[in-house]
Every structure is written in structure tokens, then in C-alpha cells.
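Before we start, here is the structure in question, set down as C-alpha cells.
Should a chain be cited, it is by its letter among A, B, C and D, assigned in written order, with residues numbered from 1 in that chain.
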Amino acid sequence: MSKIAFIGLGNMGGPMARNLLRHHQQVTVFDLVPEAVKSLVDAGANGAQTPQEAIADADVVISMLPAASHVKSLYLGNDGLISTVSQTTLLIDCSTIDAQSARQVGSAAADAGVSFIDAPVSGGVAGAAAGTLTFIMGGAENDVARAREVLQFMGANMFHAGELGAGQIAKLCNNMLLSVLMAGTSETLQLAIANGLDPKVMSDIMLQSSGCNWTLQKYNPCPGVMDNAPASNHYAGGFMVKLMNKDLTLAMEAAAQVGAATPMTATAQSLYRLHQQGNGNDVKDFSSIFELFK
Amino acid sequence: MSKIAFIGLGNMGGPMARNLLRHHQQVTVFDLVPEAVKSLVDAGANGAQTPQEAIADADVVISMLPAASHVKSLYLGNDGLISTVSQTTLLIDCSTIDAQSARQVGSAAADAGVSFIDAPVSGGVAGAAAGTLTFIMGGAENDVARAREVLQFMGANMFHAGELGAGQIAKLCNNMLLSVLMAGTSETLQLAIANGLDPKVMSDIMLQSSGCNWTLQKYNPCPGVMDNAPASNHYAGGFMVKLMNKDLTLAMEAAAQVGAATPMTATAQSLYRLHQQGNGNDVKDFSSIFELFK
Amino acid sequence: MSKIAFIGLGNMGGPMARNLLRHHQQVTVFDLVPEAVKSLVDAGANGAQTPQEAIADADVVISMLPAASHVKSLYLGNDGLISTVSQTTLLIDCSTIDAQSARQVGSAAADAGVSFIDAPVSGGVAGAAAGTLTFIMGGAENDVARAREVLQFMGANMFHAGELGAGQIAKLCNNMLLSVLMAGTSETLQLAIANGLDPKVMSDIMLQSSGCNWTLQKYNPCPGVMDNAPASNHYAGGFMVKLMNKDLTLAMEAAAQVGAATPMTATAQSLYRLHQQGNGNDVKDFSSIFELFK
Amino acid sequence: MSKIAFIGLGNMGGPMARNLLRHHQQVTVFDLVPEAVKSLVDAGANGAQTPQEAIADADVVISMLPAASHVKSLYLGNDGLISTVSQTTLLIDCSTIDAQSARQVGSAAADAGVSFIDAPVSGGVAGAAAGTLTFIMGGAENDVARAREVLQFMGANMFHAGELGAGQIAKLCNNMLLSVLMAGTSETLQLAIANGLDPKVMSDIMLQSSGCNWTLQKYNPCPGVMDNAPASNHYAGGFMVKLMNKDLTLAMEAAAQVGAATPMTATAQSLYRLHQQGNGNDVKDFSSIFELFK
């Protein structure tokens, strides 16, 4: 049993920490919102007043925060965790941020003799609750091995993408490709429909052909084709359009840093931005891009 | 055993007709190139001097031609097969052409009381030789049922996409989505590589994540990731860039006819056209689009 | 004074024929709609019951029709004008159609020893009424010279773009670039506005900088910047979105015929198709694309 | 006569400072490269060992630096100019950086009671040498008025775009639109050429039509059309591809900050990134994008 400090108890972090408790880990939690802390304490966690208090004698620190600025503010600087944490503690940041920031924090940790890995997740709120997240890790082999022992309680798949920051890059690469698959599948199904074809038949054909992709297998964007997909539930729940746009912005930044041409993703990004302008679309599931094409 | 007339013995039609012979069908063949006819006659077919002679007492006519102009010229007009064929004969056109032309020929057939379906294939030259093609059919239910009995000797999958022309639409929809998958996967893998990730590791992660698609499963565009993919064989063989461009032009025409917006496909088309300008690229496998991204 | 036959008296053809009358030309008109003929007869034209009657002793035939199918139907075939017109008559087609069709008609005319040029116009309904159209001509030098004598009564600018069909190509090239200018200028002004800049100030800066283009000079898409632009009149009048989409489809067909990559135009086309889906947008002025960007 | 401190004597800053000297201003210069300082001292400037020394009793400070990091490092922090400069001194940053950084520096200046404006330029190295630059300013009205008195010696046009940062936004907006004009004009001319038209004739037609834009007027991308354009000189000199890519990255960041959809610019960016991959293309003039389209 590990002593785990968990920082950041939002829509993702809350259920993740809860799964650690379910697997009988000793968890100390912190969040800026007292109610979030209280809810976890009621479930068996220890509550802390500050991040510093939370990590006091932790074996592992897990952070799950909204953006790079929060992550840097938590770990870096004179008040940051890196300057106070024990050298035997492993730091695992599960936030989705740009790779450059992840490398910056990891580098500061290395300078202080502390182990740090980036471990962004995919699987969304539902995966966080069910404990079926995918963790995509970047960092040293032995740190990643150590992280697996704890992350297994919250996830179903774990990948080691490469060096520090590679977890973030791999997640962004996957998600930018996902946006391409979703936008491409949506416009294709709409073209089939406009030509009088049944979207279910068209989907079945492509599922067994070279057009096959994850969105057809798990997440058909056309209402009525798949009963349990967000499309058949008014695009409620799922992975929100505004979160896809956040990831696409990070992906395009990663492309800018190496001067890479990513025309398919650039087009998908334009479409998701146009789509988000629509009334209420920002909180719809990202498969609602289907509606942009009439 | 059916009496089958086979018109068009090129790279695709030749091996297709050969598979009919292998399954002991009685096949009469015609092609403008005498050598093509001779080769099939050597394999057991009857040779004909004209299309009219070929179809004389056929139960089924199969045509496999390069473009809509050939198909219309074969079937329509005073000298066309439709005006001379027996009403009990089923016409099956396996060419990839625009849906409008398919509907035009089918409509002329209906006026003459003759059954016609469009049945374009996917699977390429390798699938034609192996008898593992996919047939995507458009037409009346009973005509499609009748066609299955013959097409099964040449293919592994058969789909009924809908009314006349739907086979063409469904094939173009699948192939346009394929171009999006391939271009999107290629730019994603190149971005990962530019950020220091191993393309094999990145591919494995996406195969188990929401970026999963046919190109990662069967046809990885990055040399060395998949031993038997064209990418690992200098992009030789496979589905040529110029053929993908032919299909994309047909797909965009289908979109134009209904005024549909297909921005992802439009971007993929621009990329494939830019790619084809490169020296020798027209006859490379379509996964060579990977090279466009450096 | 020339004897002119004018075929096609719609929104464009009507006012064009009227300008010929204003310049004291002898005009015989035909249209499928009797009211259109009557209106011109009231203005001084001779009315004809058929195209054949209209061209009976014409020096020049001018046609202004909606699409290539009408043009081909008018000129080609056993009943077509080419087979009956005098060899001294000059045929001028002012319709906007694909270059291939223009070349086909021109080639048939040449075979019959008849002179034919393509002469599509720009300037819209307002330019037709004011007699300030631009004619872009394709054909032989001496035919073009002869055409100028008549077209001058309806236009302010005349260009000889090249051989037969070049008029159509040049018009489509200009209009596809116009769509790029309008979409690009619109998204740029919207970005400036979203960053707190005044669109009038931003427009003034670009008018004197390297972003200068016709849409900023004559046709600012942002309401309120230019009093007399359609944008300041609820995007009423002007060049309708559906007509821009028609021209973009023709331009992309011209690109397909030579395998040219036109990614900027392809993006503009996708945006105009998305825009046209909006309620009532098809008849708005094409500068209303500004609204697509929020 | 003003006492002017000039920081940053590169390709742009060097000739700019030289023009101040030509107009008999008293100029003290600093650069990290001693040779750059020496060259200006030889021309009549005072040389400084540090930025602090350069600004000692300056009325105006002008900085011209490569990127935001340099600008922030010069002005901000304990050693930054803002904490030591006299409150009567006006700070003018002519670097092209992101608007957010410009606002950050301006805000720090305001906190210290110091006046600061952003004043990026267009016109390139040639404009810097000739003293014909365009300055696009963001900041308070009276600061801008004061800046004009000095900037006039280096430029031909001065615009006040709006509040702090607006100069940067306006410059990026102009340059992103320029990339759209150049890419769009290039693909259009190539399509015309592929259809047998003369690019000079096509250009002349569009110059007098609705496709008219700055690239046709001043900077035709097709070799041979305009004698004095970079296209007619092997794309040497002018505005380099890599600098256009730098500006496009900044423009896309500005779009990301407000969530704006800029599909035309996104496509142009993809094309410029693809183009820059080509051997030696990074230092060619940006009109060389013409070559990408065959």
C-alpha cells in the first residue's frame, strides 16, 4: 500500500482519487475548493489544507489540473513542491498540458534530484469513474515502472510513450487524429445520406472496409446508428467540443514548435472552432461536428 | 453453373475472370486487346470478337472498364448491349464510375426491361488475384441476390448499399474517408517523430486508443513499422496515388451534385494532388503521402 | 449598325439586350418565356418564336444561358444553330460554363465553318443594367476583334484571354481568387474585431499595406465599414452565394481536368458550401461569408 | 532633435538607426554583437556597452529584437529597462512579437509610470534601408503622437491601430491576409497556365477585375511577369519564407487566444510549412510558394 497525495479533485481528479480509495490506498487530498476535499474525506481520504501538507510523507504525488499554468505554479518556484518534496517521492502529473511545460517541470525536478513523469489520460469522465482510463506516460523507464503500480488502480491501459514530455505529445497526437477521424467520418456519412443511402448501411460497409476507424466502431456521430453513442442522446455527455478545441490548440502548438505541417488537423481545428461558435455547442459531445455538415 | 460474359480484361478484370474459370463457370470474354483475350482463352475461356458475340447467350454480363465513357459506350446507344441483350440476362458493372452515369445506364436498362446493377469493387489487384475482393452493390434486391451467386467466386465480401448508383456512392464514400485516414495518420506520425517519439510505439498507442483506424491496423504509412506494408517496400505496389486521385475527383463530383461540404476530403485531395506532382509519385502506393510531410 | 440575334433574356440577358437597343442596334430576341420576349419587343426589339427564326439574317448571335446543357442544346445537334446559321455570322456565347463545353461547341462550329467565341462576363446584374460589364473572351483574334464592336455597347472592359475556352477559364480563375480574397479578408477582419480593433481602422491599414485587395477597396464584408457595400444593406443584392458556389464548382472541375492542386480555393469552396446551408443564405450576397466567422 | 537610444542592430535595426543619423538625430546604440555597434558608431552614433548605458538620458528608446523572449528580457525584471528608465522617456518596441507579450510589457511599464507603445513594421529590409517602412502602432493617443515625430525619419506610413498590442494584432492580421493573397494568387495563376493561358494576360485581366490584390499589383509570383519582382530574380531577397512562417505562427496563436476560426490562414500556413521543407526554400522570398503548385 502506497501513501498517495492527490492534488486537483475536479471532474477527472475526484473520481480518480476515489478509485484509489476503493483499492485501499492511503490517500491525502488537496483542492482549492473545500467541498471537493470534503467529499473525498467522506469517502475515506485524509484532507489537507495545503499542497505542502498533502505531500508531507507521500510516496507518490499525483496532480490533475486544468492547464500548464496551474501545473507550473504547483511544482516550480520557491514555494513549489519540487523544492520541498522528499527525493524518494515520485511526482506524476496527469494533467493535459503542452509538452514543453512538462519538460520544463521535469527538468526542474531532475535538477532537484526528484523523479517526475508526465502521464496524461484518455477516457474522459466516464473512464475516470469506471477506473478504465488510459495513461500515456513520458519519463525514465524505472519511474514509469513505479508509476504503473499506482496508476493501475485508476486505469485499464498504460503506455510508455518515451522520454519526458512524450506522454503529452502522444496524447495530443492521438487526439488530433481523433478529430480528423470524427470530422472525416461525419462529412462522409452526411454525403452518403444526401445521396439517399442509409447511414447504418454505409457505416456497416465502412466498418468492414478500408474506411474503418474508431468513431465507426465505438462512437458513430449519426443519431440513431448506435444506441449508446452520444449522437443518439442529443450529443449530451462524452468529450465536450470545447475540450477537443483545447487539445487541438495544444496539438497545433506542438506542431508549431517543430515547424511541422499538419493540414488535416488544421482543417479539423477550423471546423471545430466554427462549430463551437454555434449556440450551446461548446458543451456538446465532440461527435456533434456531424451537425455542422447540415 | 452460369454462362458469364466478361467484358474488360485489364489489371482487375483479367484476374477476376480467371477466378470465375477456377470455380468452373462457363466464361466468354472480350477485350479490345487481343492478347488479353488470348490469355484467358488459354486458361479455359471462350473468346469473342465483339461484346455482342460475348453476350450472345449469357445469363450474366460482367463489365470492368476504366471510366464512365467506356461504360456508357458499351451499354447505351443503338449498338449498345442494352438494346440487344436478352431480358433474362443480368448486367453487372464492376467499374468505378460516377453514380450519375451508373444511374443513367441503369435507367436505360430498366426502360428496355433489362436488369442492371452497379457493383464497384475494393481490394485492388491483389484482391482480384486472390478472389478476396469486396463488392459494393446498388440496385434492386432480387438483382443483387442473383449477382451474389456469381460475384462470390471473385470476392470475400458483398454489400448491398441501396438503390441503383448506391454502390458507386458507397465505394467513393469509403475511399474518400480512406484518404482522410491516410493523410491524417501520416501527418500525426510525422509530428510524433519530429518530437522524438518512436513511430512504432506511437502506432501501438493509437491502435489501442481513439485514434485507431484501418491504416494503422493494416497499412502503416511509416517505413519499417509494418513489414508487409507497401511503406516497408519503397511504396511499391498497392493502391496507386493516381488511382486515389481518380477516386477523389469522383467523390468531389458526387459532393458537388448535392452541394455537400466535404472540407476534410477537399484537404486530402489537395494534398494528394500536390503529392502526385512529385517525380514518379503517381505510381507509388497511396500511403506514400507520408513522405509529403517530410 | 449590326443585325443582332439575342438568345436568353433572363436577369443578365434582358438588360444586356436592352443596352443594344439603346445604342440603336437592330436586335431580334428569343427566350422560352414569352413575357421576357414581349418586354424587349416593347423596348424596340423584334420578337422571334424560335432561335432559328431569331438568327435568320443576323450578323451576330449572342447567347446568355444558365448552364452548359442549355448552350450545347442551342448550338449542337441536327436542330442546333451551328447546322443552320450562315457562315458569315459570328456566334458569341456569354454564358458562364465549363471550358470543355465551350471548346466542344467551338470545335463543332469550326467544323461547320462558323466563327464562335466564348465571352463570359463579370459585373453582375448591376453591370448588365449599367452597360459596364467586363467581357472575357476566348477565340481567334479576328473573331474577338469583330465581337468587340458589338460587346462595347454592353460593357466597359473587354479582354482577350486566349484561345477558345480561355474566356471561361479566365473568368473562373478570377472568381475563384475572388472567393479566396473574400473569405480571407472576412476571417482577418473578424480576428481583428475579436481582438478589440475597429474594423474600419483595420481595413484602412490593410488598404495601404500588403493585404490590400479588391474586397477591401470596393466591397468590404463588414457591415458599417462601407456605406454602399452589400454588407451595409443586410447582404441584399450583389453576387449571390449560390452563384459563387456555381462558379466554384466549375473552377474545381477545371482544376480536376488538369490535375491541379488548388488548396486555397478548395478551402473557400468548403466554407461557401457550409455557409449556403444556413437559412436563406443562398440568395445573400457572397460577402455574407463574413457572418460564418461569428 | 531627440536623444534616441536604439537597441538591436540586426538586418532591420541597423539600417533603421542609420536613417535616424541621416536625419541628424542624436543616437546611442547597443547590440550584443560588437561589430554591429561599431558599424553604427562609424556612421556617427554613440556606442554603449549595455542597454542601461544606452538609455541613460534618452528621450526615446527604440527596440528592434528577434522574438518576444528578447523583448521581455530587455524590459522586464529587476535588471529590465522599465525599472531604471526615466519616466519622461518613451519606449517604442518595433519588434514583431505576440500581442499578449506586448501587452504584458506595456502593462509593466504603466505600473512604473513609463510610456510604452508597440510599433511593429512592415516593408522588410529594403524598406528599412530606404526609410519607407510602415509603422503600425498600439498604445495611448499622445504616446503615439510623440512616437510619430521620431518614426517619421524611418518610415513612409504610420498607423494607429488601437490600444496597447493592437499594433501587433494589426500587423499579424495584414500579414496573414498577405499569405492568403499570395497562396491564392499562385494557385490561380498555375491553374491558368495549366489550361494554356499566358500568366501575364491572366494577371492583367485580374488586375482590372475583382481578383485584384497587392500581389498582382506589386509582387507577381510568376517568374517573368514583373521584371522587378523577386519571382523574376530566382525568388532571391524580399520577405523570406521562414519569416512568413514565423508571422503565421504568431497569427495562429492570436487566433487561438480568442478561439477564432481562420480556415483560409490555416490552409496558407500548412502550405507555407510544406513549402519550407523543400531544400533551400526557407530563405527564398515568400512568393516562391508559386513553385509548390508545380
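We adopt the following convention: a residue touches a chain if its C-beta (ideal position, glycine included) is under 8 Å from a C-beta of that chain, and two chains touch if they have at least 3 such contacts.
Computed from a prediction, not measured in an experiment: that's the story for all the values here.
Undergrad: Counting C-beta pairs in contact, which comes out ahead: C-D or B-D?
TA: C-D
Undergrad: What's the farthest chain from subunit B if centres are computed as the mean of the Cα atoms?
TA: Checked the centroid distances; the maximum from subunit B is D.
Undergrad: Could you label the subunit A-subunit D interface same or different, taking same to mean over half of its residue numbers are used by both chains?
TA: Answer same: the two copies use largely identical residue numbers here.
Undergrad: Can you check how far apart subunit C and subunit D are, centre to centre, with Cα atoms defining each centre and the answer in Å?
TA: The mean C-alpha positions of subunit C and subunit D differ by 39 Å.
Undergrad: Determine the centre-to-centre distance between subunit B and subunit D, using the mean Cα coordinates as centres, and give it in whole Å.
TA: Measuring from centre to centre gives 52 Å for this pair.
Undergrad: Quick one: which residues in subunit A touch 2 or more of the other chains?
TA: Where subunit A meets two or more other chains at a single residue, that happens at 260-263, 267, 270-271, 274, 277, 293-294.
Undergrad: Can you tell me which positions in subunit D touch subunit C when the two form their complex?
TA: 99, 122, 134, 136, 157, 159-163, 165-166, 169-170, 173-178, 180-181, 183-185, 187-192, 194-198, 201-202, 204-206, 208-215, 217-219, 251, 254-255, 258, 260-265, 267-268, 270-271, 293-294
Undergrad: In their shared complex, at which residues does subunit B touch subunit D?
TA: Contact set of subunit B toward subunit D: 263, 267, 274, 277, 292-294.
Undergrad: Which of the residues in subunit B end up touching subunit C in this complex?
TA: Its residues touching subunit C are 245, 249, 252-253, 256, 259-263, 266-267, 269-271, 273-274, 276-277.
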